[in-house]
Amino acid sequence: MSTTTSRANATEDGGAPEPRPASSPAARERRTRSTGWLFVLPFALAFGLFMVWPIVQGLWMSFTDESLTLNGTNFVGFDNYAEAFGDPDVWSSLGNTVFFTVITVVPLVVVALGMALLVHSGLAGQWVWRLAYFAPFLLPVTVVTLIWQWLYQPDLGMANQLLDTLGMEPIGWLSDEKFAMWSIAALTVWWTVGFNFLLYLAALQSIPDQLYEAAALDGAGAWRRLFSVTLPQLSRTTALVGMLQVLASLKVFDQIFILTKGGPNNSTRPILEYIYDVGFTGYRLGYASAISYLFFALIIIISIAQLRFFPRQEG
Amino acid sequence: MSATTTRPRLHPAGGPLDRRRRPKSAEPEGAPLLLGHGRLPKVLASGALITFAVLWLLPFVWAIATSFQQEQDVAKPGLNPIKGALTLEPYRVILERGNVPIWAFNSILVAVLVTAITIAISTLAAYGLSRGTFRGRKLLLALTVSSIMVPPQLLIVPLFQEMLAFNLVDTYWAVILPQVVAPMMVFILKRFFDGIPRELEEAARIDGASDLRVFWSIVLPLSRPIVAAVSVFVFIGAWNNFMWPYIVTNDPALMTLPVGLATVKDAYGVVYAQSMASALLAAAPLIIVFLFFQRRIVKSVATTGLGGT
Amino acid sequence: MGRRGFLRWGLAGAGALAAPGLLSGCASPASPSGASSLRVWDLFSGGDGLLMDEMIEAVSTGPDAFDVDRTILEWGASYYTKLAMAAAGGRAPEVAVLHLSRMAGYAPGGLIEPFDLDLLAEFGVEEEHFAPAIWERAQWEGEVFAIPLDTHPFIVFYDKEIAGEAGLLDSEGELAPIGSPEAMYAASEALAEAQGGSGVLFGHIADEAQCWRLFNGLYAQTGAVWELPDGGEPQVDEEAAVRVLTFMTEMFDGRRNPNNLDYIGAMAAFQGSRGAMIFAGEWELPNLRITDRPLGAAPFPQIFDQPAVNADSHSFVLPRQERVDQARRREAHRYVATMLKASYTWASAGHIPAYQPVIAEDRYAELDPQASYAGASEIAVLDPPNWFTGSGSNFQNQMTQPMSAALLGNTSPEAAVARMISASKSLLDQPNPVA
């Protein structure tokens, strides 16, 4: 962007630029080859430092007894992996993660779809509904947990006050092993359903009106149109939303960590928290890395399975 | 549901996300595409909408009501959250103590820097990946796309170790830097750039413009909507991020809102009116921004969330 | 911000990345206090938290005032994790509070640094000022890594009037010796009758330490030691452990005394006069004193062969710094010494000051009921030392869970002890990350 070039441009402004079809691609080629990598350089550096390197480093650490303290590190081969397979806490926390995923994915997809269909039906007050359903998604996790901690508070919280009004016994929403995970699931649905709701809303709007018109001409009523036009048209979105949701739910950590620290009696501890507990609370970074990699492998398997399971459709 | 045979009214394209969608006069017609013409479906749908909205707003209402109460009134039982005279006392205490404003400053600083850096390096990289012919382009692209699969949460241990090695633990940089790598955003932007016809750039090049110039004054202006969408998405993510900032900051002066609120306690123990006040103070900025830029935010979440489709 | 401004920002940010000076120079522009302030961490909230505030305020005035920047983190595993991570990161606070029972997880790994005893002596704090048992635990490889502020034993609180009616008080109005499990059962029945409710309260449901606190003291009373030698097998007197746990299950069997209370429930039952005695930590004194009951307290009674009480000690430590600032280190030593000398205030929360000159003061002897259990610090038993044990640790939780199940009748004392030993073994089997 030297000044001479600009000036040259300015003088040429009046006349049409001379077409140079023969030299242009070559010139572009040369220039791009010389500068294209400069464009990617900053990202590539960050990518290398904060993505590739930790992946490699984590893999290496998973074969060592690396510790948070200042002690030396030894190579331990597959010891960490062997320990992980025999560690009941790995299995129980993995079980908790899967359980959480199972009980959140379905409501997070179904409720989101229901909300989107209702809002899309065009009743008055669009922005109110959108705000009400989506606003919780904008809250930082700690705000969500502070609010729900108060709702679930055993003596004075809204949940137990409601039970009390109905003449029922109070429930230890977060302190009773039977309820804790469900309480967290309810909070999670409230918090994050707005995201899926928006994805569905966007998808609903992209359904061409002609499809409805054709269906109506065929004499299809509202119900029929829902099942023969809307839902089939949303199948690709549903597959995508479901897949994103499964992956998101498997990665649960924040709200559980803040609300119950995995308790009571580890009944809500997800695998990511176990990794944190092992690596930082227990200092064993090497072992924590090994568990991370096992979980990573599981995520990859699930992702591939999902891709297989939901064949790509032309949308 | 009455199986009506009436031909539905033709709709202008778009939906609730489209600002031009429906002239106000069309209101009484509703949206016959989904509902029938009868009265009952509309009543049922409205009922469901309202029920959901009440359920979803109830926690806010309860929290807001509590935040305007004296601590001793909060301790009274009852289903009506307003248990005593309204007061601003909890807010005064929170603001006076001063942690929340510091954390809010940190949150804004971190979210703005993460967004700015992410957008800068991602747009450049996406353009380079879209147009460049340098060696290793395909490899970098493949690495970037496949790293979308890597959950950042699984990198916390080696990343923390790396921050220890760089002596960056308990600095803003440790919070910010790992968050600027956003392969998904690079991918979305690259796909968008791929769709921009090259003729425009050709013309500028013929005029002697450098690649950076072409990118800056031709490509970026054309990409405003997608860049805005990605920015909003990245900003929300950085604003709400918890796990990594929690791990890498121990000094309360460096914590972001979500981390500080979850970590630092006060000498009095649990005080609900104050904790609701601080929660609402922390929630306010993004909710207010949302009220002003609703359409933009909704749109950007929808496009970015679905991978730029 | 327009698009241009936006990108300019981004480029400025990218430029900053390349400037290494900025990376480290930008550590904490938003720090609420000046660079000279002493950063201290603790885990005290509630009554303790307010008293600590009071003590810090007291040392923050006058000619030698400290400029203290206090941070309170939630007590428990998360506090200890944060402390370790901050120490590993090298920008930790100058002073932190640590339970003495946790020291084995911090000193050997270099996460905390030893005190300079000469410097402490200069400020008037020396070895002779501490109970030998506690001082012993503050050392590792011949150096002192922790300076105890208090001892906080697990004791009994009781209603003096009801205990008197039940005939359990001696001529001075203190709890008379008990001496055997049978005598304790009898005492609890007498208390229940005088109370017209429960005799002895103990909360353990969904708790992560209570059963261990009760067990650890009683097990030490049998003369046995729960040894966790590094790299070896746990050395446990199984017979003694079963004897102790059997006593616990007989005490809290749901008939003699309730076995289904949680921590808060037990506290509330005592506050609400539904029980005459409670097994609890002395730190609950402020909460128990809010009622009108005539509150008595005693070190945990001797039930088995010798006196012993479970306890821990809040201690000051010096977390590792990447670059030690000698002036601030010195200031940290002065702060610790000053706080110890001011720990009479701390005693009002129930804690027994570790700094013996404070206990020797006349005004301490007048503290009621604190003076009644001051002797507990000489028979204090802490967790077996290892990197994974101590207050707020996973070890205590793992020990507590089987015992809690035994108290509920879901498992036998023998099976519970077997589970405790196997849990100890698997914790010992883990590679030691601090060795």
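We call the chains A, B and C, going by the order they appear; numbering starts again at 1 in every chain.
One rule holds for everything that comes next: a residue touches a chain if its C-beta (ideal position, glycine included) is under 8 Å from a C-beta of that chain, and two chains touch if they have at least 3 such contacts.
In this text the structure is predicted, and so the values were computed from the model without any measurement.
S.K.: What's the chain with its C-alpha centre farthest out from chain A?
M.R.: So the farthest one, by centre of C-alpha atoms, is C.
S.K.: If you count the C-beta pairs in contact for each pair of chains, which pair comes out on top?
M.R.: Among the chain pairs, A-B has the highest number of C-beta contacts.
S.K.: Which whole number of Å gives the spacing of the CA centres of chain A and chain C?
M.R.: 40
S.K.: Centroid of chain A to centroid of chain B, CA atoms only: how many Å?
M.R.: The answer is 12 Å.
S.K.: Quick one: which residues in chain B touch 2 or more of the other chains?
M.R.: Residues 120-121, 160, 177, 247.
S.K.: At which residue positions does chain C touch at least two other chains?
M.R.: Within chain C, residues 14, 17, 78, 85, 88 contact more than one other chain.
S.K.: Scan chain A for residues touching two or more other chains and write them down.
M.R.: Chain A, residues with two or more chain partners: 42, 280.
S.K.: Provide the residue numbers of chain A that touch chain C in the complex, in ascending order.
M.R.: My answer: residues 42, 65, 67-71, 76, 79, 172, 175-176, 261, 263-265, 277, 280-284, 287.
S.K.: For the complex, give me every residue of chain C touching chain A.
M.R.: 14, 17, 76-78, 80-81, 84-85, 88, 105, 108-111, 206, 208, 262, 320, 387-388, 394, 401, 430-431, 433-435
S.K.: Can you name the residues of chain A that touch chain B in the complex?
M.R.: These residues of chain A touch chain B: 1, 5, 8-9, 12, 17, 19-20, 24, 27-29, 31-33, 35-40, 42-44, 46-47, 49-55, 57-58, 61, 66, 111, 114-115, 117-124, 126-136, 138-143, 145-151, 153, 155-156, 158, 161-162, 164-165, 190, 195, 198-199, 201-205, 209, 212-213, 216-217, 219-226, 230, 237, 240, 244, 247, 251, 253-254, 257-258, 272, 275-276, 279-280, 285, 288-289, 292-293, 295-296, 299-300, 303, 315.
S.K.: If we count contacts the way the header does, which residues on chain B are in touch with chain C in the complex?
M.R.: 98, 102, 105-106, 112-113, 116-117, 119-121, 160, 163-164, 166-173, 177, 216, 220-221, 224, 227, 231, 247, 250-254, 263-269
S.K.: Which stretch or stretches of chain C touch chain B in the complex?
M.R.: By the definition above, chain C touches chain B via 3, 6-7, 9-14, 17, 23-24, 26-28, 30-32, 39, 44-46, 49-50, 52-53, 71-74, 78, 82-83, 85-86, 88-92, 322.
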